[in-house]
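Chain lettering (A, B and C) follows the sequence in which the chains are written, and residue indices restart at 1 in each chain.
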């Protein structure tokens, strides 16, 4: 929203694509049409961003699933870079193709859930997923909820569930109390967040919610659906069983880099930014000309830092397109650059808290499913490495891990960590090549109505 | 410095793996080099089609023998296999023009030994109930099938190691001196004989030896659906050869046929072309209407090599003693294991079961033997 | 309530999990696996099914990996089902009056 607003306000012709019914992403998500719910700070911030976007003149295409990207550097050898191409499915199911001279990616993150026995049971839900359920839909994940994982979302979700009248059976925090204390200095820059966090914790304490620091979920159990979880201290120790009808669990956020990977942009692995991220300059330029990345999708630094990074990306794009001069650019970028640095400090501390914990991956039992789409277990992934696979693309071939409809988004982190442990690090394990479609696309929508004669069948090979 | 090898094979795709395996089993000390991983290029990303109805007539005898090898891979590859499925194949015509093409091509392939018969649409739909009723005529070949090509490297690897092949992955070759001294990232490797098995990179490899061998690069596009209930049970193609369609046991349907994407030798396969992507899936859904209900999950590209006359380059390299080449086989994956076996026979001084494809015809006069 | 009993045994009261104190559009009826439910028009279908006590959205390909909402943001593909005959992700579909939802 911020990038589009900045660019459109400065006279660029801008189009925004978003899969949701309204702009806002996950944190600043708008309530569905016809809903009225008490506003929280995120909603107010989101409403302000939405209003600015609406007034900016940018064309906003919501409900559009972007399934393809192309153009730019993806042209035959020797040809000049082409305009970027965006293939999107509109809400009515029709396909649209849009071209642009510059492309800003603000793709956000998806959740990292390190697998454990029973994580495939209905009733186990992501932590960010629970936030969407609670905030955007006003629906509780269950009547008796265990909230588990890492990062500030733990306490936000637990407080919201408790406030709505459901039981929080426990908060199972991977972080030790000392880790939260260590993050405090960085959070001092954001007293608003600090206050909110303290209020969440206080409300839970008041309701007598058990908070278990340095604990993990050992297993989720139930027949057809979740009935209970087993939890244990991280360093080992006695397990306890907690009955519940919902487990919300998240182990941090992973930048959604499928588009930058499809463009073959340079990436680097930075655990404290969420994993593989595009290599960027300080104005959010990727290694590909006129391709920019901003927000958590380019490295987790939190929602507060995202709008500033979006403005930086937009300004760099305008400068590179010659729509503003270097003086204007230098002046305009100073405020968002400073805002980004400030917000990223607190965001970075939270991102570190949510970084992948190798010990959690090491604790996965051999027969636990890692790849849900294809049913691939830890043992199968490790067997592929024993059989000679050395990197993620090869593990994918040997096991089908990551070949299913989610394209490795859910299993990729745990699988890569398992491979990394054997081959000597995430850089060596690499990542699966980005492929179109970026999301599964219904053939029906793609095909449209056609006659056989319309299919441009190429010339056959000689007999 | 390592002791000299009897033979160095450069390129660990299906051609290189099969050649190396058969040479090692004939008693040679073999090193198999690849700049990347085993069967990670064309051999691991192709459509796995084992059809006769897309194979060039001249290659049918080879493809038939290779089909049998794929089907019994476990027996000759120490249990390694690629989940080969033996099923009938249909090649379909939708227009009068395609009917003529179908009949002509079936005739030539039948002459070359492929048991293809022309069948009515009604008969074709008995063989393949998923087939569209818009088909006018079909070629039916009972010998057809497919593999999961992504398993090829995993299938070959243990057998190569068991046979004593020194498999060196991620070991790029920078150049070769006659004799042979092979300059690699891991240092010099010496070998008495040399086999170039570098797919689309054969042109660069031949240049190491001062040979100019033009190799055209095809950027073949593949598209796969998510898992579906059974919608088909044959390998399906069209008369022009520009569709290959099959459903795996896991339910996914693989759509290929050689539609071209964007890419090159230097950068690999980069991106699908929107028109090719759409055209290919429309052709697939026109042939198997139930595909309209599917979701497309992924597309990718594989690089296929082609010589000037689109026939293989398999044989000795003229003017360079003990140097051999193998590649540029149209539908090369289909025939691959057999071609490697043949070349190994020739290198071992035996008469190959079937003729090789010497490259003299492809070289300028002063380079041909 | 057969479907709930068979699939979940989570709750027998629809609307039980909807947080009070907010204004929602009027409920409309839809069916899931042949049984009729109601949810506010425009609610995310994945949220509506959870609120109606339905977690298990079908056996999917393998009962060890049943269909269920997981990410709620269109990424994980685990909540795939059929809406009016077409494959759809429950978390990306909004409830409409009369929609016919079946497991995929």
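Heads up, the rule we're going with is that a residue touches a chain if its C-beta (ideal position, glycine included) is under 8 Å from a C-beta of that chain, and two chains touch if they have at least 3 such contacts.
Labels paired with UniProt names: B = FAD-binding oxidoreductase.
Quantities reported herein were computed from a predicted structural model and do not represent experimental measurements.
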So which chain ends up in the middle if you average the CA atoms?
-> A
So which one's got more C-beta contacts, B-C or A-C?
-> A-C
So what's the Cα centroid distance for chain A and chain B (FAD-binding oxidoreductase), whole Å?
-> 39
Chain B (FAD-binding oxidoreductase) and chain C have mean C-alpha positions lying a whole-number Å distance apart equal to 46
What whole-number Å value describes the gap between the mean CA coordinates of chain A and chain C?
-> 23
Two or more other chains are touched by the chain B (FAD-binding oxidoreductase) residues 227, 293, 295
Chain A residues touching 2+ other chains are 404-405, 440, 442, 444
At which residue positions does chain C touch at least two other chains?
-> 61, 86-87
State the interface residues of chain A toward chain B (FAD-binding oxidoreductase) in the complex, per the touch definition above.
-> 68, 70, 74-77, 85, 87, 97, 262, 264, 384, 387-391, 393-394, 396-398, 400, 403-405, 407, 433, 435-437, 440-444, 446-447, 450, 452, 454-463
Contact residues on chain C for chain A in the complex?
-> 7-11, 16-25, 40-44, 46-48, 50-51, 55-57, 61-62, 64-78, 80, 86-87, 92, 94
Report the residues of chain C in contact with chain B (FAD-binding oxidoreductase) in the complex, numbered from low to high.
-> 61, 86-87
Contact footprint of chain C on chain A as seen in their complex | 19, 21, 26, 32-38, 65, 110-111, 113, 120-126, 128-130, 132-134, 136-143, 164-166, 224-226, 245, 256, 369, 372-373, 375, 404-406, 409-410, 439-440, 442, 444
Touching residues on chain B (FAD-binding oxidoreductase), where the partner in the complex is chain A = 37-38, 40, 44, 54, 56-57, 94-95, 101, 104-105, 108-109, 134, 150-151, 153-154, 157-158, 169-170, 225-227, 238-242, 250, 258-260, 262, 264, 266-267, 270-272, 274-275, 277-279, 281-283, 285-286, 291-300, 310, 330
